[in-house]
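Next up: the structures, one after another.
Two complexes come next, and they have one chain in common, chain A, joined by chain B in the first and chain C in the second.
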Partner chain A sequence: MPINVLIPTPLRPFVGKRNSVELTAPTVGEALRTLTEQFSDLRKHLYTDDGRIRSFVNVYVNDEDIRYLEKESTPLKDGDTISIVPSIAGGR
Partner chain B sequence: MQTLLLAEIHARGIRAHGAETYPHECCGALLGSDDGGSREVRGLHKLVNRRADSPHNRFAVTADDVREAERAAQAAGLEVVGWYHSHPDHPALPSEFDREQAWPWYSYVIVSVINGEAQIMASWRLADDRMRFEPEKIAAAAAS
Partner chain C sequence: MPTETKMVEPPLLSKEEVLRYSRHLIMPEVGMEGQLKLKRARVLMIGAGGLGAPLGLYLAAAGVGHLGIVDFDVVDFTNLQRQVTFSTSDVGRPKLAAARERLLAMNPTIDIATYETRLTSQNALELFRGYDLVVDGTDNFPTRYLVNDACVLTGKRNVYGSIFRFEGQVSIFGAPEGPCYRCLYPEPPPPGLVPSCAEGGVLGVLPGIVGSIQAIETIKLILGSGDHLIGRLLLFDALGMRFRELKLKKNPDCPLCGKHPTITKLIDYEEFCGIRGEEAPIPQTQMPEITPRELKQRLDRGDDLFILDVREPHEYQICNLNGYLLPLGDLPRRVNELDSSREIVAHCRSGKRSADAVEFLRKAGFRKIWNLKGGILAWADDVDPAMPKY
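And now, the complex of A and B:
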């Protein structure tokens, strides 16, 4: 059973309007890299120019924030769900 | 240019929130619908500005707040189509910080609040290349 990546609304135009993508990967980092290799227009919205996940991109594995797990090294198993959840910021 | 349909009742709600929180920035979610050709705001979901360290020039909506807004939208049969915030004593123009932090697709409504009074309100969408915001026309919609 592959990994299911839930795509937030603002990123769906870049994945053919899908709300989820199935893929296979051993870790969260590999899953996101596979996702952006398959849908290259996603990359700039998920990663900074120096290759780090943008601060306003929150990634969960089965509802656990990867910041409190092993970050991008968080291992995945078949059937896991990755959720990408925005946080919003700005100001003058 | 894209268009955001916004009924006067919701425009008043955004202005009122900006005036209420002045001199701090307010923030909230725009709940509505987007059928690929037309985007309409049908409700607001006021949020707490989580930047307690610098609320006069920064706002933040946490992932949990986003999820709360999405649940509220879903309960109303709507979706989150964007976000609003205020610029105290500053124009309704997106800043470089706004651009750096923005997501594509969403409408970003900014209201300028000068000396406690809400003034001009403008809407923006991030360009797909992230290099700039593109203005979005706000058009009056019938109250819903």
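And now, the complex of A and C:
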């Protein structure tokens, strides 16, 4: 299923400065794995050492948080958008 | 403990106030009733910087009757690129004094209370209890978690905004039916992973947009009108000029605001965030360092030192020590370009990124490596005053 992964500013340096990556995957987990295989520097920012998505990074399919869908097993359909939303703190 | 007495209702608006707020009063969404709500409202702003500047200006302009502002910082020259409450002549003054003056100049009819102190676990609860709403315009993770927790524990809504380079986020946390910050981010990122504005940079006008959106949401909450951002995360991408929205749900297992809360009081937030939530001092132990003066002496003596510059190309263009440019982010991939048999001095702007580089290289087996203490900024201070600082 061709889908789009939106890359937030803090992670753009690790994907060659792109703001989105198109790829094909059946589930969110597969999409993120494909993404980190293509851009290995991204891996440590998205995953802990034991392979779980970091808790200060949230992943959405369209506008829904995957934690309230099927987490990494959430299925994807054509044209879906995955958003990676890390916590940012800047205010000054 | 006496119960709080109900505040005496202020009189209806004076003639001057009716004229001042006429553009509000002629709108049914505000009207006299709404303007009086604004006049009675008590809003606490945490931070008088990039976000706090437009926020304070618009809340004062709107006639929010009681503003409290918390900030312990002093106006810095580099703030003027974005903190629009300040003038060049304010550099060196406490931010609160300058902000208070500016806001009262615009609207002398409101009350402004200033709290020139760091917000801590010791003072937050007491402070928040005196206000209806809190607006988070801070710049570091420990304070954001502190503000969130104190809001939930005192039952105050938290109008949250944050920025990074060209992106911003806005939402409202702490409403009884809505999520809190911990529902979204149960844990902070490890220290040093997300740079502050000083390290990462920020488009000056970005906090202007995000802070203004926070002001709009604050006013809507006071008026009780419109669709607010409770349960919604507004994302703004200034470069792409896109607004997006994601749904935020209250986490039933949230340790703070969920069904079975385990956090019932404020904690040590520095520890929670691994100490380095903001800009932290480099640990003095074990970091091999060389001062700019020492480096100059060694170079003048003809020592064969390899200067490694771990900044970004655009920084190299501002000023440089003729070093070998290898941005920190590229170091893991390009480490084989470096010769571990040579003596290497790593530098960046202020000494933090280069400290990370030194640590990385030591782990990779480099033994003759030093961090330039204070970075190129310290070089400009101590060795070459003609060098521009940034």
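A few remarks follow.
One rule holds for everything that comes next: the second predicted complex is superposed on the first by the 86 of 92 C-alpha atoms of A that agree within 3 Å, B and C clash if a C-alpha of one lies under 4 Å from a C-alpha of the other, contacts with A are read in each partner's own complex, and residues count from 1 in each chain.
Going forward, a contact is a pair of C-beta atoms (placed from the backbone, for glycine too) under 8 Å apart; a residue touches a chain by one contact, two chains touch by 3 or more.
Bear in mind that the values here come from a model prediction, so they are computed numbers and not experimental data.
In the superposition on chain A, contact of A:Glu64 is made with chain C only, not with chain B. Judged by the touch definition given at the top, the superposed model places A:Asn19 against chain C, while chain B stays out of reach. When the two structures are aligned on the shared chain, A:Ile88 is found in touch with chain B and with chain C. Contacts of A:Leu11 after superposition: chain B is touched, whereas chain C is not reached. With both structures placed on the common chain, the touch criterion links A:Phe56 to chain B and to chain C.
Comparing chain B with chain C, the partner in contact with more residues of chain A is C. When both complexes are overlaid on chain A, the residue A:Glu30 reaches neither chain B nor chain C.
Overlap of the chain B and chain C contact sets on chain A: residues 8-10, 13-14, 41, 45, 56, 58, 65, 85-92.
Note for the complex: chain B touches chain A at residues 25, 27, 51, 54, 57-63, 65-67, 79-80, 83, 85, 87-88, 90, 94-95, 97-98, 101-106, 108, 128-130.
Residues of chain C touching chain A in their complex: 47, 49-52, 73, 79, 83, 136-141, 144, 161-167, 169, 184-189, 193-194, 196-197, 200, 202, 207, 233, 235, 237, 239-240, 244-249, 251, 277-278, 329, 332-333. Within the complex formed with chain C, the chain A residues making contact are 8-10, 13-14, 19, 41, 45, 54-56, 58, 60, 63-65, 67-68, 83, 85-92. Those residues of chain A whose C-beta lies close enough to touch chain B in the complex are 8-14, 41, 44-45, 56, 58, 65, 85-92.
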